[in-house]
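Next come two complexes built around subunit A: one with subunit B, the other with subunit C.
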Partner chain A sequence: MSTTTTSPPSARTGPPRRQTAPAPPAGRRGRRLRALVGAAYAAPTAVMVVLFFLVPLALVAWMSLNRWPLLGKPSFNAPANYSGIAEDELLHSAAWFTVKYTVIITVLLFVVAFGLAVLVQHRRPGVGFFRTAFFLPMAVGFASASLLFLGLLSDEIGPVTDLLAEFGLVDGYVSWTSGSPDSALASAVLLVLWRFAGFNMLILLTGLQAIPPDVYEAARVDGANRWQTFRRITLPLMRPTIALVVTLMTTGSLLAFDQFWILTRGGPDNSTTSLVMVIYREAFIRLDLGSAAGISVVLLAVLVVFNVIQFRVLRRRSS
Partner chain B sequence: MKTRGLRVASALTAGVLVLATAACGDEGTGAADDGAVLTLWTRAATESVSKAYADAYNATHRNKVEVTAYPNEEYPAKLASAAGAKSLPDLFAADVVFAPQYASQGLWADVTDRLAGLAVKDRVAPSHLKAGTWEDRNFALPHTIDLSVLLYNKDLYTRAGLDPEKPPTTLREFADHARKIDQLGGDVNGTYFGGNCGGCVEFTLWPSVWAANGDVLDPEGEEAKVDSPEMADVFALYRELYEEGVAAPASKDEAGPTWLGALQSGNVGIAPAPSVWLDTLEKKGLELGVAPISGLTGGESTFVGGDALGIGATSEKVEQAWDFLAWTTSDEAQVEVVAKNKGVPTRTDLAENKYSSADPRTVLINGLVAKGRTPYARNFNVSFNDPQSPWLQTVRGALFGDAGKALADGNTAITKSLQQG
Partner chain C sequence: MKDTSRARWGYYVTGTALAILFLFPLVWSGFASVRTDTGFGLENYDRLFNSANGIELRHVLNSVVVSALTVGGTLFIATLGGYAFGRFRFPGRDVLFLLTLAILMVPYATILIALYVLLGWLGLEDSLIGLSLVLITFQLPFSVFMMRNSFEAVPLELEESARVDGCTTVGTLVRIMLPAVRPGLVTVGLFAFLTSWSEFFAPLILLNSTDKFTTTLAVVNMRTASHGSIDYAALEAGVVFMAVPCLVLFAAMQRSYVRGFTSGAVKG
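The block that comes next holds the complex of A and B.
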């Protein structure tokens, strides 16, 4: 049941690290010194977390209880920023769309990434080339990748429509990114698959390679076929890694912005407007920072619930 | 010895400074032109004009204006972030339709008293001045003016058997001309419009409503009137052109970025477009005619767009910034910078100038300022220009869906958005 991320020290081979480390100073003073050194090591990270996460978080929470002008003094108006959420139709459609998108992308991205990881799992001639090729899109910035797809899929300047027309698959003018809600969503899904499949493949690959070969060998001796091996050994031993990847995918999808902002502009007819786009609109178009903070806090709460569920699964399986 | 040397050096420096100040005395206004470096932010669409203003000002003043341009779509967010951080630039320009919102939020410094002392104040484009006004206080002055006009391809007119010197005088005639040109076939299309772009549609279709004495918004900007028969007629005409295939199929999805590119191809017969594109398109080798946008059966109007410029509310160089702002309204700036570069002067008394008379099309464009309008609403961006605005949904419904329902529902939704606090 061990993987690289969760294996206990006793499962590792070689001498325990503690033997090679210098002996700690004895007594209460020594313990205190060790605690201080530990705190000093943790201090830079702690300061960063407080400054760049906890303080902004507290500020956003406070902002969500106020009418917060760009310039001038804020005034307390709770719970107006939260009660407004219930009446915002655009927000409702964006929430529904974001959930739909999260489900679609999590399933598709997981299947593609896992498929790729299984394909390049074993050392074979040329496998390094494919691993690099699958991971390479990750080197392109996400905004740049979105612009690249906007150009590729454009009927005016892109080659995709012309290529498909050559094969007789499309006829005349086609607008992939804003022609219909489905084609707009499909363009964004394609972009995200291309950009992130390699990265998720890499995480899954480390999980796959952490499964001891002996387990597979024992299964083979017992006469298990490929599907049974995958179903009974690979999947159960991969659970913690899968939980991690799925957490990353759902969190990333619930916070989707770039792909829709650049590729579809939330259209056609608001059909691809994500939750973060609504937050952006509240803050920078309506200039209502309080309302934007209110939606952000609700979204954060949803994300926390999602992550708690994921972590529970992760802990239960690894314990 | 050392002290004496320092004294001599100080005296010499002071002398040089006095001479330099005296030499600049003609152009500068004393303390306001003290060699300050002023930051000016603008959007990409206005960058060239802002830079031309800055270059001319820098050449004759001790103050130095440094222009920074941001992509059009990102600019409002950039301004909001800077305001939130209390670090607005000394001067910033904004799309004139967003001016009431920025003025109401106090992002610009109040220039009411300074404007009252400006000699040319009554000759500055009134619709722009109104846009920069909030609760009877002035916050911004016109910076650039961009008008919507009909641009038509003279070569395609000739090929279609139309007289290139006789542009349409009614919207119906415009549609007939477009149909005739569309019959040329091949890659040629009769017309083109931004059917997925709220800003493009208001800029090009509203003048036809105004020309028919209709309205789309009340003067206070709190009540929409997009369900008026005049607006419905204009939508119906463009809808027909799209359904007949006279308007290029890409019109349905045009969100703005490829609008200019579509006209540059030379395959569009006649289309409403920004007047500032005339020069750009002609540099691509097109021979274009210009006509005012008309109503269904006549009249003419235009959308007086462009940018307004004000002093950042957090600036500590208000005197120097006003020196630049006031200078932009001078004859020198309006004629030698704006008119010379084929722009529309922001001063109504300079519509006819030594440069405009060289091209009758420029005279026509400059003359339209007096006939056009700039809509005024505090929540303009969120109600009309933003891709998620209720106006864009209304446009899509009116042009490609259930028109009657879209206009009725849209009017309610836009009014609600306009009145939102």
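The block that comes next holds the complex of A and C.
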């Protein structure tokens, strides 16, 4: 990678060398000193990880065992925050909705991203333009993209309703983002597909291009058709990349917030309220940080278990 | 040969149709932001910046401060950390590296509640510095990983000859290593900027007063705070205003950045 391909270290033209061994300050003291220097370089990372990752992790667990109002003193009340979870109906509907949304997004986004990756995997004229076009939505922040779609799908200034009316598909006023639970969900799905398809395409592309061409050549010689090649060669060899992409998609969807907060406002009638929106509501509208922490801990545990299982399953299948 | 020419046409037609679909929302938002009742003009931008709950100069400055702190902080910590993980052996190195990567496993929506309380204890509630520290933390897994790989890729001889010349490790880092890992620094800095400039959820939780709002928060507030009619055209102006710096950076660095992603996998 680097531009400097130096001649062997023992370049004779160099200044007089004090040591012959390539391992620098020799001896145990030297190694100790170097370890200390290394630890010093890692210290800022360590401070950040401890202070803003490990401490909050422990704190959220502790908070979930307390009655912890936004203002005022906390008091121990375990397991009230957890038993409250069982009774919260909005939380239940939000959990179901989030799972449903996650399944829909993971399937659709994967299919679209894989399709795009296959389309642009070979070098041919125009491929650079296509890749850029599919990837460009990533340059718009997700919150901005949600606002963009709010206007795009609106009846006031958006072209979508007019366009569909032109073809006689709808008539009159349609409120895509808040009209019905299904159209609100569909609006969010459309937004996420537009914004993230190119990003996932790029990751899948790296996996596709890592498959050696001679494997395909061998399959062609053996008379495999396109579908067989795809099922027997492409998919199995892509498994690690697919595992990564699917994990990113499911994690991202289970933690969905911006798209519903901005685009649908959780409506109509809380039908598109996601889990993280419930956490936000508990903490900053009902001012009950303890309850919000309880839900966070459960969500955290589900995510960790889920990711572990997913990696296990995908790894086992590949071996 | 008829088949291959049909396949080529299929590729062009599908690709072009999809490219139009993906580019359309971007082009439309630009168009909608300058369309007015009477034709075209900058009235929507005027309302964006001058209406009662529109965005103010201080919101833009807040965004600039947060982005600068996040990019600077991320580069500083990830460079030192990447150098340590890539070139030194010390007790606890592997544990610390794994813990840094584990931040990815615990997406921050779940611990932001605790970070809100913690920053309050540190006297950093409702503060741009506190927000930047949190944003830096969540940039670390990607950035430290990227910088470690960059440092590992630098030939050992380069560093050793510097040491033989009597450079201290700091001198080696600054004079020899930093120029060699520049592509990594560019990618890390670009990502830190894109994230901190557009981030919505963390500022929403950690900033309370409208004085401290970032631009993203202020623009979204125009939508969520309006109980009556939404000024869609001004919102689209806000979208364009937010997106332009990112698109410019993207265009300038897209080459190195897409290549960074696919490096090692591309075969000529």
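Observations
Heads up, the rule we're going with is that the second predicted complex is superposed on the first by the 265 of 319 C-alpha atoms of A that agree within 3 Å, B and C clash if a C-alpha of one lies under 4 Å from a C-alpha of the other, contacts with A are read in each partner's own complex, and residues count from 1 in each chain.
Here, a contact is a pair of C-beta atoms (placed from the backbone, for glycine too) under 8 Å apart; a residue touches a chain by one contact, two chains touch by 3 or more.
Just so it is clear, the model here is predicted, and its values are computed rather than measured.
Looking at the superposition, the partner that touches the larger set of subunit A residues, subunit B or subunit C, turns out to be C.
In the superposed pair of complexes, A:265 makes contact with subunit B and with subunit C alike.
Using the contact criterion defined above for the overlaid structures, shared-chain residue A:90 touches subunit B, although it does not reach subunit C.
Judged by the touch definition given at the top, the superposed model places A:156 against both subunit B and subunit C. Legend: residue contacts after superposition of the two complexes on their common chain; A:284 is shown touching both subunit B and subunit C. By the touch criterion defined above, A:126 lies against subunit C but remains apart from subunit B after alignment on the C-alpha atoms of chain A. By the touch criterion defined above, A:71 lies against subunit B but remains apart from subunit C after alignment on the C-alpha atoms of chain A. Contacts of A:293 after superposition on the shared chain: subunit C is touched, whereas subunit B is not.
Look at A:137: by the touch rule set out above, it reaches subunit C but stays clear of subunit B. When the two structures are aligned on the shared chain, A:106 is found in touch with neither subunit B nor subunit C. Taken together, the two complexes place residues 154, 156, 265, 280, 283-284, 289 of subunit A in contact with subunit B and also with subunit C. By the touch criterion stated above, subunit C contacts subunit A in their complex at residues 8, 11-12, 14-15, 18-19, 22-23, 25-26, 28-29, 32, 35, 76-78, 80-81, 83-85, 87-93, 96, 99-100, 102-103, 105-107, 109-111, 113-118, 133-134, 136-137, 140, 144, 153-158, 160-161, 163-165, 169, 180, 183, 194, 197-201, 204-205, 216, 219-220, 223-224, 230, 232-233, 235-236, 238-239, 242-243, 246-247, 249-250, 254, 258, 261-262, 265-267.
Residues 76-77, 80-81, 83-84, 86, 101, 105-107, 196, 249-250, 252-253, 255, 258, 261-262, 313-314, 379, 381-382, 386-388, 392-393, 396, 420 of subunit B are the ones that touch subunit A when the two sit in their complex.
Interface of subunit A with subunit B (complex): residues 69-72, 90, 154-156, 172-173, 175, 177-179, 265-270, 273, 277-278, 280-281, 283-287, 289.
Those residues of subunit A that touch subunit C in the shared complex are 1-2, 4-6, 8-9, 11, 14-15, 17-19, 22, 24, 34-39, 41-46, 48-49, 52-57, 59-60, 63, 68, 116, 119-120, 124, 126-127, 129-137, 139-145, 147-152, 154, 156-159, 194, 197-198, 202-203, 205-207, 209-210, 213, 251-252, 255, 257-258, 261-262, 265, 276, 279-280, 283-284, 289, 292-293, 296-297, 299-300, 303-304, 307.
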